[in-house]
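Note that the chains take the letters A, B, C and D in the order they are written out, and that residue 1 is the start of every chain.
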Amino acid sequence: MIFLNFKAYREGFGKRALELAKIAENVSERSGTYIAVAVNFLDLPIVAKEVKIDVFAQHIDAVDFGAFTGAVNAEMIKEYGAKGSLINHSEKRMKLADIDFCVSKLRELKMISIVCTNNVSTTKAVSALRPSFVAVEPPELIGSGIAVSKAEPEVVERAVKVAKEVCEEVRVLCGAGITTHEDYVRALELGAEGVLLASGVVKAKDQKKALEELVGLC
Amino acid sequence: MIFLNFKAYREGFGKRALELAKIAENVSERSGTYIAVAVNFLDLPIVAKEVKIDVFAQHIDAVDFGAFTGAVNAEMIKEYGAKGSLINHSEKRMKLADIDFCVSKLRELKMISIVCTNNVSTTKAVSALRPSFVAVEPPELIGSGIAVSKAEPEVVERAVKVAKEVCEEVRVLCGAGITTHEDYVRALELGAEGVLLASGVVKAKDQKKALEELVGLC
Amino acid sequence: MIFLNFKAYREGFGKRALELAKIAENVSERSGTYIAVAVNFLDLPIVAKEVKIDVFAQHIDAVDFGAFTGAVNAEMIKEYGAKGSLINHSEKRMKLADIDFCVSKLRELKMISIVCTNNVSTTKAVSALRPSFVAVEPPELIGSGIAVSKAEPEVVERAVKVAKEVCEEVRVLCGAGITTHEDYVRALELGAEGVLLASGVVKAKDQKKALEELVGLC
Amino acid sequence: MIFLNFKAYREGFGKRALELAKIAENVSERSGTYIAVAVNFLDLPIVAKEVKIDVFAQHIDAVDFGAFTGAVNAEMIKEYGAKGSLINHSEKRMKLADIDFCVSKLRELKMISIVCTNNVSTTKAVSALRPSFVAVEPPELIGSGIAVSKAEPEVVERAVKVAKEVCEEVRVLCGAGITTHEDYVRALELGAEGVLLASGVVKAKDQKKALEELVGLC
């Protein structure tokens, strides 16, 4: 499984968000690999309508409907076709009570929650909240091009182990520095269900080729 | 001038956002009053496309394009047709340096900035940043149904005075508790260019009637 | 065990912090009950020097020594005689990664961590970080005078159960609304090791009597 | 005027805070230069008691007395002998409404407020709040060893100009990268009343010598 985070990259926004989502859809179909995309709030409605792959939000706020100017909640992204949301990304860290709120709310709505964590112990903690996925991303490797599955394989292995101990159903993704097919395969070998990545594909000179390479199509 | 903040109210989201924006458009045309709407990020693309009145975001983040998962910036809302954004709403307070960043960025992009403030002294401070508008909203009156223009007219008057002292071009709106045509007229008499309101219309049993009443159509 | 949080109450600051800490020391000695106090940063050095009971900080920042203007870290409070710190109090909620940082740092320094949580699932999550204590405080009962051990006994019982499942050594405190000896005894019966309270004693007309009543001295 | 921010540097905490404050007192006496120190909350009570120079907090929270666990307010630091506080330091940025709250509160208490800003426009904005001092510190120069008075003299000049325009009584300090006597003198020539610095002295191999050099004693 591959989750592609478009972040606020210019190369993954607006028309280019739709183009990249179409590329992801195409590569997914040809390779048989599950690929989902996490897009900007503004792009979400159109991307969710135009592609068949799963579309995620990059963040949601821990609120219900109400007097919350500027907030986007789980119900809202659902209404526009999102399958779920990233939560607590390292660039959008949240308070524990708010992570809990969002994971619970997404579960109630039968949506997918992907909670990002920075190490093994927070992975264990988050697993207790029973999210769909925990994505462990050592902060020092994010955007580094050095894959966590290569540089710190024991982090991935231990994250998988502690997550399962606390909650059998939780699936672990690994992020940070994933770029090549080898990184991806290595992540799966270490027990991860898939990878969460961003710059390796979104900022690639040739996004399509980068994604094809990642899934092993070339 | 009337700026209608849809907040994260269920009555101002999704299909109902579009419906309410159409009502605003209709009432604006019939009354000759400038009415603009500030909508959810998810609703912004479709609302901006479907109505002729100005559409604003309720918030923007103080970032450029880049590795900012979950962020929405000024360039992004512009690309989807927004005229500008609310900034520093009492439900989304920002750091001073970030307010400055957003006001400057919107000015560069020839967009409209509406910075919310809580009293006379912060109105003066914000005016120094040269936003398009400052919207003064005493927090104790927000959502109260007690109009600031009635309960604390001196706040509006003084806000207008200090804003102009610091920056001639800044225009002052008044918010908090505005519901009736009388409140609106009173605000204009006190020197405000218009009002920023939310629950008085969005949560009204009959939104259209509430808006018509506000502009003096009935 | 009783942990008394002085908050930023005037009745628990400065000279009155020292007086109240002396009262706590006296009641602890006479009753044989463990009583500790969590005091303001400014009061901590003098209180820790003047009383024999354990003194805690009310919060620490998730930083090491360095360029962190305004921050107080675990090493610092230790140097001034603190036994540990409250973490993630409902009035000072923290990001998950920061809770993890503080719990780990306090453990390294052989200090006591008391992490506050708002419900059963966050109690389980925090237990995975292996703090000394988790203090579960349903937010709706804080400062209410309605004891969690009475109003929502199942929250306390389940919190104890899930905490132990994840980490045998973690001890559970219960907070929110505790005022009487009966509330305290009830908390212990439900499996809690003790209580965390504030207004029930600090804001009491007669602080000494309130504390004596709490431990069952009168 | 020299304001020395000890930050959370190990070299400016605990015993070393007191030693460095004594050095500052000694250099101030010998040179006739006003030198004040901004110390950690935990150090503040003892330092304020032991030295005759002005002692400041590095931050205060925008609250009154009450249920604010972990907070330190203006009244509290006053009770322990502080002369005032830094506000909105770049390492502790605050919301605009909170800056306003703290400046007003310190003024009421006849204490000194030093509000840090990042550029000319925020300096103008803050001046509207009528603090005692605004300390302009371009973020890119903080801790750089490259003095703002040298690298961006126009920032200091314009900051002084706009501050005075908005509020005659406001005095401007300049920070960021100040290390040498030359930097200091240059700052005064540009219209600043003094400098705010940290690492240049606190992290110096020989703190006393660094401070003597700064004031021109050697």
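As a working rule, contacts are C-beta pairs under 8 Å (C-beta built on N, C-alpha and C of every residue); 3 or more make two chains touch, one makes a residue touch a chain.
Remember, predicted model here, so these are calculated numbers, not experimental data.
Considering the contact criterion stated above, no chain is in touch with chain C and with chain D alike. At the interface between chain A and chain B, over half of the residue numbers involved are used by both copies, so each side presents largely the same positions.
Ranked by separation of Cα centres from chain A, the top chain is D. One inter-chain figure worth recording: chain B and chain D are separated by 36 Å, centre to centre, where each centre is the mean of the chain's CA atoms. As a whole-number value, the distance joining the C-alpha centres of chain B and chain C reads 43 Å. Centre-to-centre, using mean CA coordinates, chain A is 34 Å away from chain B. Shown for chain C are the residues in touch with two or more other chains, of which there are none. Contact between chains, using the touch rule, shows up for A-B, A-C, B-D, C-D. Contacts from chain C toward chain D in the complex involve residues 5, 7-10, 13-14, 38, 40-42, 44-46, 57-59, 63, 65-73, 76-77, 79-80, 86, 89-92, 142-143, 198-199. By the touch criterion stated above, chain A contacts chain C in their complex at residues 88, 93-97, 99-100, 104, 117-119, 121-122, 124-130, 162, 166.
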